Amino acid sequence: MCLKGENISFGYKRNNLILNDVSISLDRGKVLGLIGDSGSGKSTLCKILAGYENNYQGKVSIDGKEVLTKGYNPVQLVFQHPEKAVNPKWKMKDILNEGSNVSQDILDSFGIKKSWLNRWPNELSGGELQRFALARALGSETRYLIADEITTMLDAITQAQIWNMVLDIVKERNIGVLVVSHEKNLIKKLCHDVVYFKDINSVRHY
Amino acid sequence: MLDNAKIPGFIGKKILRLISLLLVVSFISFMLVQYSPIDPVRAYLGEMAVSAEHKEKLEEYWGVNTPPQEKFLNWAGSLLKGDFGVSLIYRVPVTDVIKERFTASLALMASSWLISGILGFVLGIAAGMHKGTLFDRAIKTYCYILTATPTFWLALILLMIFSVQLGWFPIGLSVPIGVTAENVTFFDRIEHLILPALTLSILGVAQIAMFTREKLIEVMSSDYVLFAKARGEKGLDLVLRHGIRNVALPAITLQFLSFSELFGGTVLVEQVFSYQGIGLATVAAGLKSDVPLLLGIVLISAVFVFVGNLIADIIYEFIDPRIKQQESTI
Amino acid sequence: MSTAVVNVNRSLFRGLNLRQKTLLIIGFTSLLLLAIVVSSLFIDGESLSTDFGSKNLAPSLEHPFGTDWMGRDMLTRTLEGLGLSIVIGAFASLISAVLTIILGLLSSAGKTADSLVSWLVDLALSIPHLLLIILISIGLGGGAQGVIIGVALTHWTSLTRVVRAEIKQLKTQEYIHISRNLGKSKWWIATKHILPHLIPQILLGTILLFPHAILHEASVTFLGFGLSPHEPAIGIILSESMRYLSAGYWWLAFFPGLSLLIVVLAFDLIGENLGKLMDPKNAHE
Amino acid sequence: MENKTEINAKGKKGTEALLKVEDLSLSFIQYASGLRQTELKVICNLSIQANRGEILAVVGSSGSGKSLLAHAILGILPSNAKLDGKIEYDGQELTQKNKEDLRGKEIALVPQSVTYLDPLMKISNQVIGAVEEGKEGLMKKLQREIFQKYDLKPDVERMFPHELSGGMARRVLVSTAVMSSAKLIIADEPTPGLDEKTLNETLSYFKDMANKGCAVMLITHDIEAALKISDKIAVFYAGTVLEVANVKDFKNDGENLRHPYTRALWNALPQNKFQAIKGHQPMQDEVVDGCIFYERCSKKNELCSKGIPQFKKVNGGVVRCNNVS
């Protein structure tokens, strides 16, 4: 039961690799932290694991099987800037239910108010939008969640609110989480295990 | 800034591109003219009366009965040897017509291109600096009106005012009538050049001025100008130090990209002022079905536009360091 | 720092805010254009009949635009010419919009298709626009239809470029990727995510094509291609006026050209203001 | 707010106020889709002061309008901004004219990223800035000295901004402020996404400046970074400052903190309890009558819903809360 990326290399230009032979594995039910300097290729790795970027070398698999490109991807990625992750011409309720109908339970646990559903994205704050993005990503078929700096733009209280909710849901549904952040304290608090991502090349567990 | 390793590849790519472009353009234009209901024999003969035998010979020469593909290959084959055929209306080789006419037009296009470029840039900077003021609004309105002005109409108006009413300039022809080519003075040429060049310059100002204005406003609201202000820079110095530096390259690039419109404008202006340039030849070739000349002009104008784009590309790829900045932030 | 505040006060003072002003401009100019088209339709042949008793008259109350050498009222001729111009402009813009949509969809289908579209755009832009219209109209055997089709077939490039760039930009949006990861098909994404962004752009782009198409039609006609001399096109009127310039009949060229300018300007204004309504980012200017 | 000596425990550094901001409000007039006009209140009734030789951190969430405070002080707001309130520098009221005269000389800004440098200008020219004729030589020398001090190699002078690495960019940006010999340094999010080493290095530059007698205003969303070097911390919430606390108040469960929001913020940090309170920060277009924290406050009473509580001096800090004494 695990999401694996093996020997992944990636670069926009041939002689300038962003990722060089990186391997990572994430078990279901586990929360794994990923720390690294800015520009070290963390976000790119996230995109590759979630199937956003296909032009890489190496292999991404779930339980040994390759991830299908069609249909609902059991690996869902949530980004740093929620306002970019929503279509500005859609109402919030359409955004929320794009993947599957999000249950009332999830809405309640994320503290999403009914009145927000009829608003446009630009009428909500970043913290509120991020709740929508997470609720949307945590559909019933989601097995792995990749959280790329999802609370970096938010204040500490909202950060705590969001992570406490996510951790509850993840635990209940046995979802594996990859937490990317440059904030060591946050990673320490959230994760069972941490991976340190050095410039390129090596990945170190500690 | 020059990245030397990139140059050979760049040049190679561009040459290939030009060749493939010319090939396709010549093929399509040839086929367009080929399948048009125009009869080249009749066009050639005009009102002349000839014997049936002579006509048959001509038909053979023009290949009326050969399949179009073959004709195209024949034509393209002679093109490669530098033979563009003989112009039907001027009865001289197409290359000669183009050489003479294009040189005349080049003087017209180059002068108006320069004037409109410089004037447009200055107006754009001035308007952008005083954004929102009456002065800015005046320039903006002026540019709006200019973009909506038919080129040939403006030419007509200028002709009416300066040639007909005031009599300052001759009414037509790029050289005086009845004077042999070697007796045409430099002054004569200039005199006939002024009004057409003026028309094109006035109209050419609009696009570059509007672009420069927008770009300057964009630059002036950028983070780096904000920071420069925070460091005490202001007024004209600020615009000179940061504004012009950042606006100039895109503006010059745009001006090089405008060769296509410049050519179109020349055609219209030459028609009004009877300026003996490539534009008049184009219209004559089109109206009188001078197929070899028309095709020659199409090809030469394609090269002309290509050169403009090429220079713009060079500026973009090799001179402007910002492009690399964008690449590095991906 | 206080300019914006002053602006607000001033427009309050005038009783109209920017939104109302913008709407008013759009309404007024549209009405003007509509009036021109309608009146050109209702002009009967009689007012255009020759009347040699009143030829070459300078502008007066009876003939605000003067009369020509056959005694025809220039205002009537101009109106009819403008009507024709607008109709041709509309036709060309519509064809261009349809072509743009087709090519836009094609370019979003895949990499090869996209390069094909980009190649087509480059090809069409490689010859000076005016020359391309002339070439196409000759290829179609000249005449009115040659010019109209020539104008219609050559104005899709700019809009296609815009749409293609927009599609490209949209496709890199995170919410599009997310949609794909949520299991949505390409078709679903194209219709639900991409199209709603493109439709306003295409509409606006189509309106902004009008002025170009009108000016090109008039230019090509002026040069003598296409429309026959008895058609009441602005290009024809102006090219005829050339013969009478040295006689001092300035009104033959002045008013028809000015009217054309105003029509073109009106379309620009409508497009500009609609754009402001849709994307108010720069409305502070 | 005249009592500095009792606020500042150190008391030795001659801590009179260099910058005083009183009751500052800032709003924008904007056009929304369809050109409907809206007024966006970004800052309301904000008061703070920055003292000589001290670092004042203004801490609040990203995108909450803190940067605009810096822009307001420098007089570089966009034209559709509406500013109310009073800003005083060295006892003198800052008008737009004053701001224009003082910025770059007395007041310097350290921006957040290289996008604040002209992409087409060489680094040395930018660090030196626009100087009067005849002074270039002197400034050049000064710039070389500063570069040496910040460990910037001579070839950096000829680079363009996009060629700088993250750490180099940081040092270049700081050196622009050092060049100016300004007395008030405003650093606007100077540490985004930095690794720990560069972060500490950058912070130490600001500490240096304060030690030399400058007043430093550090605008950041990173409380942890702020705590490392600041003397006082102003807590920014929904467009205003709710509390100005001393750094030493941030400890344990935050029992020394005065405002319930500050305490909640402290306890929400991952290194502390990681505990969240309910509710949301009000949106910028929401009109709040009483205390802006009313909805989320556990101690609220009727008084709190009527009017914004006034500043009170409590225990060496200031706070806007009715329930503290």
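Which chain is which? They are A, B, C and D, in the order written, and residues in each are numbered from 1.
Throughout what follows, contacts are C-beta pairs under 8 Å (C-beta built on N, C-alpha and C of every residue); 3 or more make two chains touch, one makes a residue touch a chain.
Nothing here was measured: the structure is a model prediction, and the numbers come from that model.
A.B. asks: Measuring from the mean of all protein Cα atoms shown, which chain centre lies nearest?
C.D. replies: C
A.B. asks: For which pair of chains is the number of C-beta contacts greatest?
C.D. replies: After tallying contacts for each pair, the winner is B-C.
A.B. asks: Let me have the rounded angstrom distance from the C-alpha centre of chain C over to the C-alpha centre of chain D, please.
C.D. replies: Each chain reduced to its C-alpha mean, chain C and chain D end up 51 Å apart.
A.B. asks: Would you mind pulling out the distance in Å between where the CA atoms of chain B average out and where those of chain C do?
C.D. replies: The mean C-alpha positions of chain B and chain C differ by 22 Å.
A.B. asks: How many angstrom lie between the CA centroids of chain A and chain C, rounded to a whole number?
C.D. replies: Distance between chain centres: 48 Å.
A.B. asks: At least two other chains touched by the same residue of chain C: list those residues.
C.D. replies: 3
A.B. asks: Can you list the chain B residues in contact with two or more other chains?
C.D. replies: 132 - these are the residues of chain B that touch more than one other chain.
A.B. asks: Among the residues of chain A, which are close enough to touch at least two other chains?
C.D. replies: Answer for chain A, listing residues that touch two or more other chains: there are none.
A.B. asks: Go through the chains and record each pair that touches.
C.D. replies: So the chains that touch one another pair up as A-C, A-D, B-C, B-D, C-D.
A.B. asks: Using the touch definition from the top, list the residues of chain D that touch chain C in their complex.
C.D. replies: That would be residues 29-37, 75, 77, 79-83, 96 of chain D.
A.B. asks: Which residues of chain B touch chain D once you look at their complex with the stated criterion?
C.D. replies: Counting only chain B, the residues touching chain D are 132, 221-224, 226-234, 237-238, 241-242, 245-246, 249, 321-322, 324-325, 328-329.
A.B. asks: Okay, in this complex, where on chain C does chain A touch?
C.D. replies: So the residues of chain C touching chain A come out as 173-175, 177-179, 181-185, 193, 196-197.
A.B. asks: Of all residues in chain D, which touch chain A in the complex?
C.D. replies: 60-64, 166, 193-196, 221, 223-224, 264-265, 268-271, 274-278, 280-281, 283
A.B. asks: Note which residues of chain C are touching chain D in the complex, please.
C.D. replies: For chain C paired with chain D, touching residues are 1-5, 8, 17-19, 22, 276-278, 280, 283-284.
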